[in-house]
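These are the structures, in structure tokens.
Two complexes follow with chain A in common, the first pairing it with chain B and the second with chain C.
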Partner chain A sequence: MATTATLTIASTDIAGDPVTVSKQATLTKAGSSNDLDQSTGLNRVHLRSVTQKTLLAANAEGNDLAAKVYIINKSDDASLYITVAINAQTTGKLYGGDFMFIPWSQTDTDASIKVAATNWTSSTGDIPVEYALFHEDTDFLTNA
Partner chain B sequence: MAITNATIALTSDVTDSALAVSNTTELNTAGTTTGVNTMTSVTKVLSSTAQADLITTGSVSTTHAYVYINNPSTDDSKFFKITIGAHNGADVEEIGRLYAGDFMWFPWDVDDDITCIPSSADDMTIEYMVFS
Partner chain C sequence: MATTIAQLTLTSSDLLSDNLAISTAATLTGAGNSTGLTQSSGLTRRKMTAANAAAIQAGVLYRAGDYTANASNKFYVKNMSTTAAEFFTVTIDQEEIGRLYAGDWMFMPWNATSGTKRVGTVTIAGTWAAGDTWEFDGITMTAADSTTANIAAQIDALNYPNWTTTFVATESTIIFTERYASSGSYTELVTADGALNTAGNGTANISSAAVGSKSESDISIRPSVHTGMTYETILIHE
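Then we have the complex of A and B:
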């Protein structure tokens, strides 16, 4: 079993010549070539909270293990954003349509991934957010 | 303004029903439909396991940027801890570890530096791009 992630960045006019970057990664366990074999699958929530909500709770046993997180703000409104934080550290804002794909260390149980619909109001409508986690875990048997 | 697109494709057969996700976003300035117009592309070779200041807030003049970081190594044992927070500060948070061949892509609020810690004092190459 395998999970691959491919990112392509392309622009014809951000520089004097066209720019294209394409990178594919096969997601593997920490420090090995064995494939990651656990996944939450794709999830969808509708955010309507300006205060932080835990999207993915850190498992301290995940420290030193590999985990990859995909999050996308599915709003069609470019001005509506969600703020993404790990523990108390904000990493950035996902505006409507934006996505992120990061490794996640889960250094301890405080290292949860939290999101907030910071500029949400009752008139903006909910912000749909989709996410997936691919990981390894010592609590569950694996096949590798 | 420039038009820059980022596309991600995820495929996985970890679950019985395979997962296939593909999305494209246009990289815009904060909360607008105006494209970003600045790009930085850097390759560094680090030769120490000390924390290194990879991308400083002073290198970006906006409060919203998109960051791509890549570990081009093919050696499974060579990874970078990617952290965010003040360089050598007490409040540094480890985001994750980029193992050989891994990349990451995320929005950055340009509040704190992005730093990295190589797993080895051997020469280790790290690449990054910033769009803002």
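Then we have the complex of A and C:
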């Protein structure tokens, strides 16, 4: 059940010579070569809250297990961003079109992934966000 | 303006009952605008080792104080190990983000929220003589003459490992600003932090202008074994 994630970062002009980073990872369970075998599938929500909303609720049973999270801000407006936080730690902002792909340690139930449409107003329109979780073992939906 | 494109493809033919194919490309731009990011750390590679398992330490990948806060920074890290059980733990400040097992990589935005830096002002006064010394942060200034403004200029011209300086020519004060806001237990900068050796009654009093606060989003990485693990990383930033 191989799931692969491939990232390419390319620029011809950010440095004096072209930059190309291209890597593929096969998503496996923690400490093994067995493939991750569970996924939430691709989800889509429309954010209209300047306060944090839980996108993925941490499951303490997932601690020490492998989990990968993909999140993308699907807004076409470059100025509209979502602020991503894990527990109380703000990690960064995803502007329109930006994505992230990270491993996720659910060290405890506080380690939920939260998002906020920080600069949303009623006139900006909703911010569409898509996300997917690839994981092993536990059924996250029962903990949502 | 530079153009840098990050492209992600997630595929699986057998995870679900139908094919999974997610593909997206993002042009990396500044915060809230369409101007391409123009700065990069370049792709770097480092092997982390320790004498034994108990001696494993986390290393700082990127210090928030070195980059623009609340900007559209992006970083990538990959665990280059081929041993499945070996992982790096990636942490922002004190929050564990996740583990990168062998071959895993991550790509994410980074706020680079720093703390505030400690600041102090050194005032050169009294009667100095050529040959008098003042030591601070392990760096020693030896006065070339007795003029306080010249001595202040000499102090400003030196390079301090943990501090930067600001100096206005003809004045006898130097403002010291700590390079990193990295400690949660800052105390005021005081005169005793410097060591003065003067033949006259010269003084180099320090007054504290600000007590710092710790950095809030340094990125750290910690290997799971001490025998040597290698990672690669790149930061693209404003």
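Everything below uses one rule, namely that the second predicted complex is superposed on the first by the 137 of 144 C-alpha atoms of A that agree within 3 Å, B and C clash if a C-alpha of one lies under 4 Å from a C-alpha of the other, contacts with A are read in each partner's own complex, and residues count from 1 in each chain.
The definition used in the following text is that a contact is a pair of C-beta atoms (placed from the backbone, for glycine too) under 8 Å apart; a residue touches a chain by one contact, two chains touch by 3 or more.
Everything quoted here is computed from the prediction, not taken from an experiment.
Partners chain B and chain C clash in the overlay (superposition on chain A). Looking at the shared chain after the overlay, A:V21 reaches both chain B and chain C.
Judged by the touch definition given at the top, the superposed model places A:N43 against neither chain B nor chain C.
Superposing the two complexes on chain A places one region of chain C into the space of chain B, and among 188-196, 206-214 or 224-232 that region is 224-232.
The residues of chain A shared by its contacts with chain B and with chain C are 1-15, 19, 21, 23, 25-26, 28, 30-33, 36-37, 39, 41-42, 66-67, 70, 72, 78-79, 81, 84, 86-95, 97-105, 107, 111, 132, 134.
Chain contact summary for the complex, chain A toward chain B: residues 1-15, 19, 21, 23, 25-28, 30-33, 36-39, 41-42, 66-68, 70, 72, 78-79, 81, 83-84, 86-95, 97-105, 107, 111, 132, 134.
On chain A, the positions that touch chain C within their shared complex are 1-15, 19, 21, 23, 25-26, 28, 30-33, 35-37, 39, 41-42, 66-67, 70, 72, 78-79, 81, 84, 86-95, 97-105, 107, 111, 132, 134.
The touching residues of chain B, counted against chain A in their complex, run 2-15, 19, 21, 23, 25-26, 28, 30-33, 35-39, 64-65, 68, 70, 76-77, 79, 81-82, 84-85, 91, 93-99, 101-109, 111-112, 129, 131.
If you check the complex, the residues on chain C that touch chain A are 2-16, 20, 22, 24, 26-29, 31-34, 36-40, 42-43, 70, 72-74, 76, 78, 84-85, 87, 89-90, 92-101, 103-111, 113, 217, 234, 236.
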